[in-house]
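Here the chain labels run A, B and C in written order, and each chain numbers its own residues starting at 1.
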Amino acid sequence: MLKIIDLTTGYGPVEVLHDVNLDFKDSRIVTVLGANGAGKSTLIKTISGILKPWKGSILFDGKDISRMSTSQIAKMGIVHVPEGRHIFPNLTVRENLLLGGYFRSDKGNKETLDQVLKLFPALKERINQKGGNLSGGEQQMLAIARGLMAKPRLLLLDEPSLGLAPILVSEIFQTVKSLAQQEGVQVLLVEQNARKALDISDTGYVMVLGRIVLSGTSDELKENPEVRKLYLGGQNV
Amino acid sequence: MFNLVLRGLATGSIYSLTAVGIVLILSTTNVMNFAQGDTGMFLTYIAFFFILRGIAPSLTLPIVIVAGAVLGYLVYKGLISKAKKSSHLGMMIITLGLTMIFEGIVATFFGNIPLLFPPLIPGDPVHFGSVILDRQDILCLVTALVVFGILSFILYRTKIGIAARSIADDEYASRVLGIPINRIHSFIWAISFGLAGLAGIMTAPRLSLQPLFMVVVQLKAFTAAVLGGMNSVTGAIWGGLILGVMENLVAYYVPAIKESFSLLLIVAILLFLPNGLFGSREAGRS
Amino acid sequence: MKKKILPFLLLILALLIPLVFNARPSIVAYINLAIIYAVSAVGLNLLLGVAGQISLGHAAFMGIGGYTSAILMIRYGIPSIVSVLAGGLLAGLFGLIIGFPALRLKGFYLAIATMALGTAVTDVIKRMEILGADRGLTNVPPVTIFGYQFSSEFAKYYLYLAILLLTIFLVNNLLKSKTGMAFRAMRDSEVAAKVFGINISYYKVLAFVISSFLAGVAGAMYGHSLSYLHPDMFGFGLSIEFLAITIIGGIGTLWGPVLGSALWVIVPRLFGTKLEAMAGVLFGVVLILVVLFLPRGLSELIMRINKLFKKEEGERS
């Protein structure tokens, strides 16, 4: 279980996150909402070890992971699916997937590959094609599937809906939801598509200019007038 | 004609070996390694040192590969990984510094006088019907074939090789997946320096051994790499072979331009075919 | 006032140097070589350090200048002043030609292209019978001005020193001019320079022309000084030497190339003949250290030490 305490970090001299606190408790899916530049991606990068914290701690199952390298963090079961997909365009779908489980045994990888392909049948058909030849939606599926190859206990999803058609977004969110419910993977979801994100998550946090300003269950957030005005377009839920 | 082509392939395979080293390092670590040739030169002198002490020439083959791998690992760990903050051009200049170090060491211990490096397998040329080939040429071709076979197995069939290709594709994504970038970089430097050593002892018996003997080969290797698109190992292999054959044919039919041929080719390709013949994607000339 | 005294003292010191080494013309010959290198390195520094364009073929321009000036004097009896300038101009013309690839190529690729073109120049010289092909050109006459032959090392010293100081004076003015500003803008950000309406193509080619011109003049001095020329003198190795000299001395600084050249020529002599090659190792190590820790080269180090002293003085008073 993930717990973040007083996390502060940034790039170069610029402080981006200020004393961020976040606690997964028993939630399956937690969403962090926020406008562009609020620091959501920075938060995810810091959890996965790409960015080092300046101050504060990140606990995973009570263990402080804030000084660990990305490899070590990934080995503990925290997997980061980056914004903009970042699949490997010149590698085949199979190679992309195998790299997701880089530090696992070949045998374990093979079993996981079969399981993952069951979840994403579209990828199975294109297993020997180059990643760069997939459509945008397929690439996002591949990015998530690649993350699953590491057998994560916590999946960090950064803007999975970015640049996708609404129907594909719904499909991906359904997949995420079933992952959390059936496979027991916890998911930290960072999204601009607040409505769909809140629909599938248990808990939500709202981030403004690098600070958490509001948190609560998804239902509470959906009812909150501020959230509705700023992130849900003021419409009825 | 057939003879010319075969010999061209033998020479070309040396270019390929060198070019592959350059491309591997460039595409995974983003360093344009101007020390690839001189690394080979340095390792060949190490082989020569052993030959002087009575080791059979053919046994220096494994010696240079291992010594090269160790040297590549050390150079990466001790220098390149510490210099990550430098610009790309800064890294390139560091490799030029390396050439000065290698040349200086060799000149101090062996002087600048050309030395005779024995052929790895002695004996008369072999006749295949009308085709006559030096044993050394055959060795070059066979070695290159074996090396490229092993290399493509590593790059396409092993986890570390696939990971190396993934770094070339998108280093950030590899990092996000928790792939140990540094370990794979040092692996690539080890392989590339091993290849440099091989290219060195394949070249030395054809020319003579002196501190600058690999400079021309490196230049040709750059041509081969550029021909192959600069980011593709397959391209570099083909680039080297094609260059070797073209050079031989040009030297035979148009001897007047034989020296400058590959030099002008390099510039022409850079200017007019920026992705080379095999470059799969935008090579990013910056 | 105090500011003007130091350069003046240095100038007097420079003028007295031959007297100090009166008994040893061979030492003055080394100093002369350092001066020739410095003129060429100032040119490369303008290209690399100020305009931000890499070249691994700088030595080839020296070759063009050297051969041109020599052949004009030997074959056509053209006065030195004209032949040396002509050497510079022809090198500049080749710089113009090589400047064009630079419009399309950047970084690594420009490095490879200039390396290839530089090597091509020496290959072509090797094929030209009129230039002595690969036997080289011997009996290159010394510089002669109004009948006076600059053949002794001491005479050469004053002439070359004058050329170097003139070069630095002109380059210093250039750096302060609009052109210098355009060069720097181009180096720092091509996009920004374009936004400010700077004609990138023009200035890139101009940087190549000026730097090649200076290399050509230095090459002419080189030939007249050594009295022989060979294509291999101007190969890839020398181009790398100049890159190292410029970077070690201090890229983008006015006096850095001079400092670099002086070290380059003089330090190996301190090692003695047996270990001379070890100087190459030392320079390689220094080059790497400079890239890693001293982006402005050794002249930055000197300035830092200077500042340190000044601070201490200030604290004392």
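Keep this in mind: a contact is a pair of C-beta atoms (placed from the backbone, for glycine too) under 8 Å apart; a residue touches a chain by one contact, two chains touch by 3 or more.
Everything quoted here is computed from the prediction, not taken from an experiment.
Trainee: Quick check for the class: compute each chain's Cα centroid; which one is farthest from the centroid of chain A?
Mentor: C
Trainee: With centres defined from CA atoms, tell me which chain sits nearest the overall protein centre.
Mentor: B
Trainee: Measuring from the mean C-alpha position of chain A to the mean C-alpha position of chain B, what distance in angstrom results?
Mentor: Centre separation, chain A to chain B: 42 Å.
Trainee: Centroid of chain B to centroid of chain C, CA atoms only: how many Å?
Mentor: About 32 Å separates the centre of chain B from that of chain C.
Trainee: Taking the mean of the CA coordinates per chain, how far is chain A from chain C in Å?
Mentor: Computed from C-alpha means, the inter-chain centre distance equals 56 Å.
Trainee: Can you list the chain B residues touching chain A in their complex?
Mentor: Residues in contact with chain A: 159, 162-163, 165-166, 168-170, 172-180, 280-281.
Trainee: Which residues of chain C touch chain B once you look at their complex with the stated criterion?
Mentor: Counting only chain C, the residues touching chain B are 54, 101, 104-109, 111-113, 115-117, 119-120, 123-124, 126-127, 235-237, 240, 243-244, 247, 275, 277-285, 287-288, 291-292.
Trainee: For chain A, which residues are in contact with chain B within the complex?
Mentor: Contact set of chain A toward chain B: 48, 50, 70-75, 79-82, 86-91, 95-96, 98-100, 102-103, 106, 146, 150.
Trainee: Give the list of chain B residues in touch with chain C in this complex.
Mentor: Its residues touching chain C are 26, 32, 34, 79, 82-83, 86, 88-90, 92-94, 96-101, 103-105, 107-108, 112, 212, 215, 219, 222-223, 226, 256, 259-260, 262-264, 266-267, 270-271, 285-286.
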